[in-house]
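Common to both upcoming complexes is chain A, partnered first by chain B, then by chain C.
And now, the complex of A and B:
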């Protein structure tokens, strides 16, 4: 049964390396391998992100010859198809059938929320990617950490930058009409208005919008428009925005997925000069990323972005944690404590975890520029050690309701 | 011969919990839920000749009502289950009046449109349904104080409900009313001439199918402990319809077999095969080409032919 299993260890490319080093492993490996489960949407509308997650993690393990902290690793990838019910069945499969020691992923908030209770109940160490705010705020789990960012975590610094350095006063926000978009725009609005700016219009578009024409026509003229979109929506909106000649009238700035590297590779020069914010950029100038990003590009012909970065960082954090517990993954409590205390140096910079398991790390303001004939997100400013609470008091923050379409209320909308 | 078959089926249903791991028991529970759902759709498609592409409405609404009542309004599971079944059945009664104005392709399009309306509502009315985030933190009921939280206890629960559902639907179609339903399917004009009211017969069947769709929805939400608008999507309806057609519409065992096939392909084979949805398509193509009436009728025809050959 396990023969036909899509396991990394069994893959042809991995087998070559493993067989060369096999004698060494046999002597050094008293126990069975560490089993890591990856929940990624590899089919359906979220597939491009999910495939990147798989590629980057596979690459991470291959670079280490499938061995972390001296113990062999087996990667089991389960396809959630971007459907919550399937994500749950797949999580059960990883836990109950494959007996994994920890889980990485999944990508979408609704997938993560569908399995959160289950993973907590099964006490399964989880390194999350999805951004839903409350998973590390009002409903944290002792078994969950997030290595990326909450929906709003990266939006705060951009709002600060827009108000203080770009001197924008009036901004329009547009985002996908689901929690990720709501939460990101709410965080952006809060930080921007606290710095003296005004959100004059908030537009939310359905996740699957075939034509943005009617929304582009609604946009009021302000200093800038903030794109809180995910997937290819930012790219599609922007194309129509430019066709309507609006890019000459107002600036465009974007959240952490709006002009992700995976979107950027489909765009032309019209994207030049757009500012976005993220916890990662393929252009980051640190030794780890200088090795990772070019290697990824060499292998797959495009830059790693949010999704590839997320699982690579997961691998790095996991490796540090495993080293500190001597790869004894059977002790789940110790593993979880080690993950939370890892303070790992990763391709996104050093990340720590706060008390609720959310990453504290650098957030980068990036500008689309051209380098070697392709568009890249070059870093123009670093906000160091940004937390999910930004500059706000944690206790007061948690007393408020979770960010939504209507909270915090927009006071400055123009009719 | 027939008893051997019955014993085989009963054995395969009663034995899994004794040796299989949790994952397989959970898979079996999902098959049972999908089977109830497919059986209820089969009342319309197979016995009533009314092909519906919106049956997920009943599963989704039944599940949503229970999820909302228990999580948001503090209802107990008993009251919530009752209200959810009543609500779903009432909705089926109303939708039936609208959908049965047409037949054939028109009927299919109306059911599709109605289910799309509900799907859209579930997505967009985020202050009620919590939209794309779904409703999390749900619990399973504990009938007579027996907790259903373990995979095995839930399996037994689902098996009891599924058996009851199968018996009830079998009784329905083998009753005199069931015969008139088949009559209306094949010869509506003649039935009308004989003094039957085809519309009423269809409508009652529609409501009854909606009722069992709601029951499947309850089990669905108990099983997943999470609710998301995708449960109301056309994909959800279409999967059930595929199960009915693949297994053999108009038979009692067929939809259950077809539903099991869909669940297994979707949740089990997908672990071994990246392009599992392509395989799903190929399997259905194969079924349609080889046994156009579905697996169960095809297999029984095969066995009779084999037995005939032996003689």
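And now, the complex of A and C:
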């Protein structure tokens, strides 16, 4: 390649300017902001949770003046509408058009599964919210961590509590007829039956069930009914359950989304006394949450729950990780290692990650009570450092098939 | 025994709810030959109106709320018919598409306005305590729903069969051209029937509220049920919609109770058979 003199001079001069400028660059902020992509369903039936995810993460960043570890942050929110195909398109947009450095979300397992392979292929650090068991069990990805819980992770402690402290012997489970409901009920059943209890009936209702009357009328009388539902379905089931006069006959207990704060705020006194389990409660008594929950309530007039908590915790974990790598998000491998090693203190308590990227953290048994005229999930017992494998041996656990409608088989069903 | 009695009553109450949903759909379909896919959204609008009104005015009577929401939704429907549907008279497919689009617009507007949470519609206080039927407990309000459906059916029957307006509607259903030729203002009739259909859906949404609650996606849950009832019962036949509602109520209730895994198959299978072997539906007339 030949080069004219003018070009040669020009390039040398350019290099000189660059080298002169370099020390200046090092001491100052990198000019590019950190770009965080949030996948949240802000329209469609899952919108309630998706909107909360957005509000909490935006609030987290605003509290830090949109700066994490000394570097500006730009948040790009993509609406998945709760549709897997849309989630796929939006994920691709975030990665290829917006060039994000990491992704938080999405909310539903079927959305997360639809984009999992793509994000792994693109080596995109992802802080997940969805609960699908196998994403951190039989098919983990080096680029994926989950800060919430697997479908069953919070159900184990409740089953333990129901068997040992409440002395329940016979329980009916009901859940939405999709993977999340199947997995949660399977985990609940396994832990409850290992503690000597019996699951006498398992009911799965289609996601779109306008009228729960025919299901309520089938419920067999046991010590309690376990609600493995999400969103508005559990809420509507519960109203029918009460109208049929069943709440006086048996206790109601629920999984981590059944009586979420987003559901409670639309309920009345009929919810009082119901026990649920989760990795979070707006009532948690730790310094971080004592600042977060009241601030959130002040701003949006309701309590943060599962979904708001999930993205706020994501922000907290990300901040710790970014600090440890001096905000150098361009090194994706280092970012992922830093996230996995973050051991961050968050509004849900300290969380660590296990080898497959799933959170190990406290799980709380909560009871619906009234405080300042509104319904809250007050914590009555803490199970410390619960893992996704509960008390089971990891290797043996992973040899079994993933939890489903029929696994583990229910052997105590009553006809 | 208890199973059959309780589920039988459940079938009746669901049937009542379905009639409140689908009678308006059937009326509109019958006269205008228009599958109004906005119908589920009208129903949902009614539920949301009631949820908001009854929250804002504690102790507001549900019947008053139903009347108010019925009128409000009828007005929305009337505007929609006048401003949009009449312009597409020559384009039936376009009309159906527009009603589908309108249903999306309404459901997104509801989401914007009411947020993504479920909002309960309170059961009237005097109907909250369960009734004892043959020694079994059953929610009183569900029994009242059946009464509402029967009352609506009787009112509509008198309107269609015994009034001058009803005679005009029937003439329009049978032969639109001929009706026009003898001086029936078919265009105004269309608007009126569309208002009436939308209004019944809105009021039905309020009455169904205590069972269903208002939530995003209610429209999409209800619309297929209205379609099944009307196709099974017969297009434009009020009797068909009435019988169809209770048949679907029975199939759905016992289907989900006896074969929960097959709930949706059991629900849609009869519709497929009816379409295959009796396209006009159980009570529909073959149009000439």
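Everything below uses one rule, namely that the second predicted complex is superposed on the first by the 387 of 415 C-alpha atoms of A that agree within 3 Å, B and C clash if a C-alpha of one lies under 4 Å from a C-alpha of the other, contacts with A are read in each partner's own complex, and residues count from 1 in each chain.
The rule is simple: contacts are C-beta pairs under 8 Å (C-beta built on N, C-alpha and C of every residue); 3 or more make two chains touch, one makes a residue touch a chain.
All values derive from a computational prediction rather than experimental measurement.
With chain A as the common reference, the superposed partners chain B and chain C fit together side by side.
Of the two partner chains, chain C is the only one touched by A:265; chain B is not.
Contacts of A:277 after superposition on the shared chain: neither chain B nor chain C is touched. Of the two partner chains placed by the overlay, neither chain B nor chain C lies in contact with A:141. By the touch criterion defined above, A:218 reaches chain C but does not reach chain B. In the superposition on chain A, A:178 contacts chain B only, with no contact to chain C. Contacts of A:43 after superposition: both chain B and chain C are touched.
In the superposition on chain A, contact of A:388 is made with neither chain B nor chain C. Nowhere in the superposition do the C-alpha atoms of chain B and chain C come closer than 5 Å. Where the contact sets of chain A with chain B and with chain C meet, they give residues 43, 206. The touching residues of chain A, counted against chain C in their complex, run 43-51, 203-206, 208-211, 213-215, 217-218, 231-232, 235-236, 239-240, 243-245, 262-263, 265-268.
If you check the complex, the residues on chain A that touch chain B are 4-6, 42-43, 78-79, 81, 83-86, 88-90, 92-93, 96-97, 109-110, 113-118, 132, 177-179, 206-207, 405. In the complex of the two chains, the chain C residues touching chain A come out as 3, 6-7, 10, 13-14, 17, 108, 111, 115-120, 123, 128, 130, 137-139, 141-142, 211-213, 215-218, 220-222, 225, 252-254, 256-257, 260-261, 263-264. Put simply, chain B touches chain A in their complex at residues 21-24, 26-27, 30, 123-124, 126, 131-134, 136-137, 224-226, 228, 230-231, 266-267, 270-277.
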